[in-house]
């Protein structure tokens, strides 16, 4: 996804810089750019968030909406679980080459990556809890992400936004009652309580993983590569880590080079360390913001969105 | 000596690359073919049945270098109201860029579509769709027979038809019952039975190369310079099922009759391998 | 395959068709050992053949290299075209593109003819896994295309690994300049135990799968994919074990390639 | 047993043809045999996409639209049949780097569609003044359950038939008897002598079609001639 | 009328003159080709021959123009290039009209034709392998000889057969119209006719008259024109 072309001189400058632990924007090799998160942006969605990673208000920008729908069970489908459906779209506003079918490949890649991290037990979301009545009805979580701007490191931005969106997701309450029909065999029925106040937050969100993406530049690697750095990166590796410090997914990208195993094990450890810090930062900021929101909640039409920056 | 032999071989290859048509003509003028066959000689056929475990029926067929794999997937569906006892058999020929550079990735080329259509028409004449009935008007088997070309070196229709016949003979459908209550079909893999083809088909293709020479079972390089092609299909009773002549090149009625005769002999060759 | 999309370029079956409910239960994997009686770290027997699709006589339509690869039930066929005229005419490096297709009958479920996003992503994976091995700078302005068709699959991760091995054999057959041939292998976790090269049934029962492809003689991991959750220790352990398997697969491929040269 | 429409076994249905009905096309013909009717419009020689430009000859392209339903593989099949029949009949080398496009719309299909389509195409090409080696006329016939044969069958007869046969002949073949049919499609369940019987029947029928074509074209040409030489 | 022989594609032509000698070299015109040792027609039309020059050709009607050298055509400027204009003359490929192929055109003052302008030109290069080339003057005399831009007026299409008949100076319809009202006309054998009769009404009248004359003989033409003029 290296959109911009750099002159050999620029490339050389960046590579040497990284190898001697310096980066063009003054960061250390393991520092992130400024991250800003906003949740509850889409009133129609059950949960939504917008994440921007980048300094001075310019950076990679992703908007994620989570919409829950009730599906009726069809034969052939698993009996007692709900499902998660991911979809990522790169808007042409992000980069010129995304126009027309240009974004197809990267859409597929990101969609599959998101699915790999958030669809299944590794995400911490308990799919069994999304089942309403076995063999009858279940919840489907549609996670739709829109990439609005690309300035390097789409993957982390995407994962962070999705994580926040899921944290802010709450489902309407469902009442299930079983009644016996004339034949005397029990029939389960349900109805969805249509009350914007009466919502239950999604379960298992405290186990949601976070991702750290490394880019190999020269002999070293950096976290949260900028657009220029990605243009010279030989390979990319994304590691998703859960709060319990489990590895939830690893994916390597980049057609140019591979990783020496030594570097790899180092990366895995670094990934955990960074993830631990960031998870705590993420957590604290998020809960603070939530408290603010709660306090604001009394006054009408403050628009339920809030901003976290760190 | 071997050295010079290699040089000759190399020179020949260059000549063939530069003037493929002329290259072929040299052979044909000598009453032989570039692969050493006689004009009316077919390539050997190999059939391997039931190689693929993920398909209910399958067969791999090689005609010379041309290789196709036919796999049949069985699902259940409701029959057409007009034909309550008939199942479905959809035959598709896949010509991917893997088998030859003349095909592009993506939607099927015209050649692939025509091949699919022709095989489908032949299948309709040999296979009895009522043998796919589970419960009249309620449930029937729907067979998807996909013929994937692994290597394309001419005579694709012949290979495809033989592969389809072999795969259908290999096809084993599980014992299926319709639960009238739920309308669901349950099937028991352990009690699978052969459906059997109505009648076997034995195809044979002939080509008029360079408007002058009638050759049997042309390969890719010969098909490229063919001006007419003739497909003759017999059934196992030795009766004709299909005679299909295309291309502007002229084949006299006598020639066609001769080809039909030769096709009958080919029939036994294929029958042995099946 | 609940509803079949009508495709006017193909012969269509009924609008809607479903698999019947199979009453007979599939055997429980790992109930006592592995279904096929393999050792836990044992890779299925491998069969390679290079050049099955190559032309006997020089013709433009034949691929420049090809390979047929079997690993247990898995059968993969691959053709390499190129180096040939690339798309962008002023590229400093050659481009390498993969096209990956499951034959409609190659999986235990029926696949539609239209390419799924799954297949598209696998194509990307293959490019990322093989790309590092090709000396693309040796082929400016050119493009190298690999077309892979899965004739039969048995375990998704294992099939991808097989595809990778098949391509690198085909590349060697095509005489493309490589740093080293890539060998790939997959593992799945069952309980707390890593199991090499899992079949579909085994994969379904597992909670986490890992795919590693590497260039042993350069000692570089060209591709790495973990799907599912484990502890970091388990991951590192698995990567190690998988790398070893890769080396074994690599040995098989190399032995074959050497044999073809003699 | 007689035929539903009281025809003799060797009798073809009433032929009708109108030339140059489409005034946008370079040449067009509507050809009908009984209810079966096809409209064919020809453009050519026109400019061709660089992608499929042939340096030594014109590209012949065929588009077929069925009377009902969306176009599907069966229509591709007809297209390739028509193209393979005319590709070498058109003197394509006279107009290199161009395109001859043949568009066929089936008006109504009531048996022996392929033959009607081929006949319509011949006349449209002649009307467009595309250089042709010769005229091509097609006819089809069926072998019924009781071994009787019927030329130019209706759909009813086709459905009841044990085998159907379609032959196309070139007008020059009358002068060169040794040359056989240009196009053959025989399908069903039949023997070689049944095939030969149908071949001869269709050959005769095609002769009649050819004669009809000649009168049609002569009519058009002389009409113009009379004026120009008045 | 007698002597009119209609030929169809594939018909074999007997080129033997009743009194002609064997050695006479036969020259074949449009619509005829030599296949092996016999001459066959490839297009439908009327077989014509000239026994003195022993030329043979077929006269048929067409809608699509195929450029032939020396023929006058009416074209429409489709695009402008550095070295000349691309002109649509209704044949498979656009014709090239060099900037200097105009009367009195020099490097300095070239004619400036907008896209969409109608021009009357003569085909100078026409063969199957090259795109046709046309010019708006006689390259030998350097005089325009009536060729050039067609300002004002009205252009319409007709069959090639009609166009060829109109070229004939004693074309009945033009003659009849000439008696009735003044107008200028440029006939291209590519089936395009340009007319200008000052006022719009009369221009349209002329155009219609020519269009109607497609299937009318001389007498009918005069009648038709007379009626039109009366109506006006």
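Here the chain labels run A, B, C, D and E in written order, and each chain numbers its own residues starting at 1.
Note that a residue touches a chain if its C-beta (ideal position, glycine included) is under 8 Å from a C-beta of that chain, and two chains touch if they have at least 3 such contacts.
The chain list, named the UniProt way, goes like this: A = Ribosomal RNA-processing protein 42; B = Ribosomal RNA-processing protein 43; C = 3'-5'-exoribonuclease; D = Exosome non-catalytic core subunit rrp46; E = Ribosomal RNA-processing protein 40.
On a predicted model such as this, the values are computed, not experimentally measured, just so you know.
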Count of contact steps on the shortest path from chain A to chain B: 2
Steps needed, at fewest, to go from chain B to chain E via touching chains: 2
Chains partitioned by contact, chain C (3'-5'-exoribonuclease) not counted: A | B, D, E
Chain nearest the overall Cα centroid: B
Chains most often in contact, by C-beta pairs: B-C
Furthest chain, CA centroid comparison against chain E: A
Per Cα centroids, the chain farthest from chain D: A
For chain C (3'-5'-exoribonuclease) paired with chain D, centre-to-centre distance based on mean C-alpha positions, whole Å: 50
Computed distance of Cα centres, chain E from chain D, in Å: 32
Chain A and chain C (3'-5'-exoribonuclease), separation of their C-alpha mean positions in angstrom: 28
Interface hub residues of chain D, defined as touching at least two other chains: 73, 76
Where chain A touches two or more other chains, by residue: 75
Multi-partner residues of chain C (3'-5'-exoribonuclease) (each touching 2 or more other chains): 9-11, 18-19, 21
Complete list of chain pairs which touch one another: A-C, B-C, B-D, C-D, D-E
Contact footprint of chain B on chain D as seen in their complex: 73-74, 76-77, 79-81, 84-89, 173, 178-192, 195-196, 199
Contacting residues of chain C (3'-5'-exoribonuclease) [partner chain D, same complex]: 8-11
Complex contact set, residues of chain C (3'-5'-exoribonuclease) against chain A: 2, 18-19, 21, 96, 117-118, 120-121, 124, 127-128, 131-132, 207-208, 214-215, 218-232, 235-236, 239, 243
Chain D contact footprint on chain B (complex, rising order): 110, 113-114, 116-118, 120-121, 125, 227, 230, 235, 239-257, 260
Residues of chain D touching chain E in the complex: 25-27, 43-48, 91, 94-99, 126-135, 170-172, 175, 213-214, 217-218, 220-230
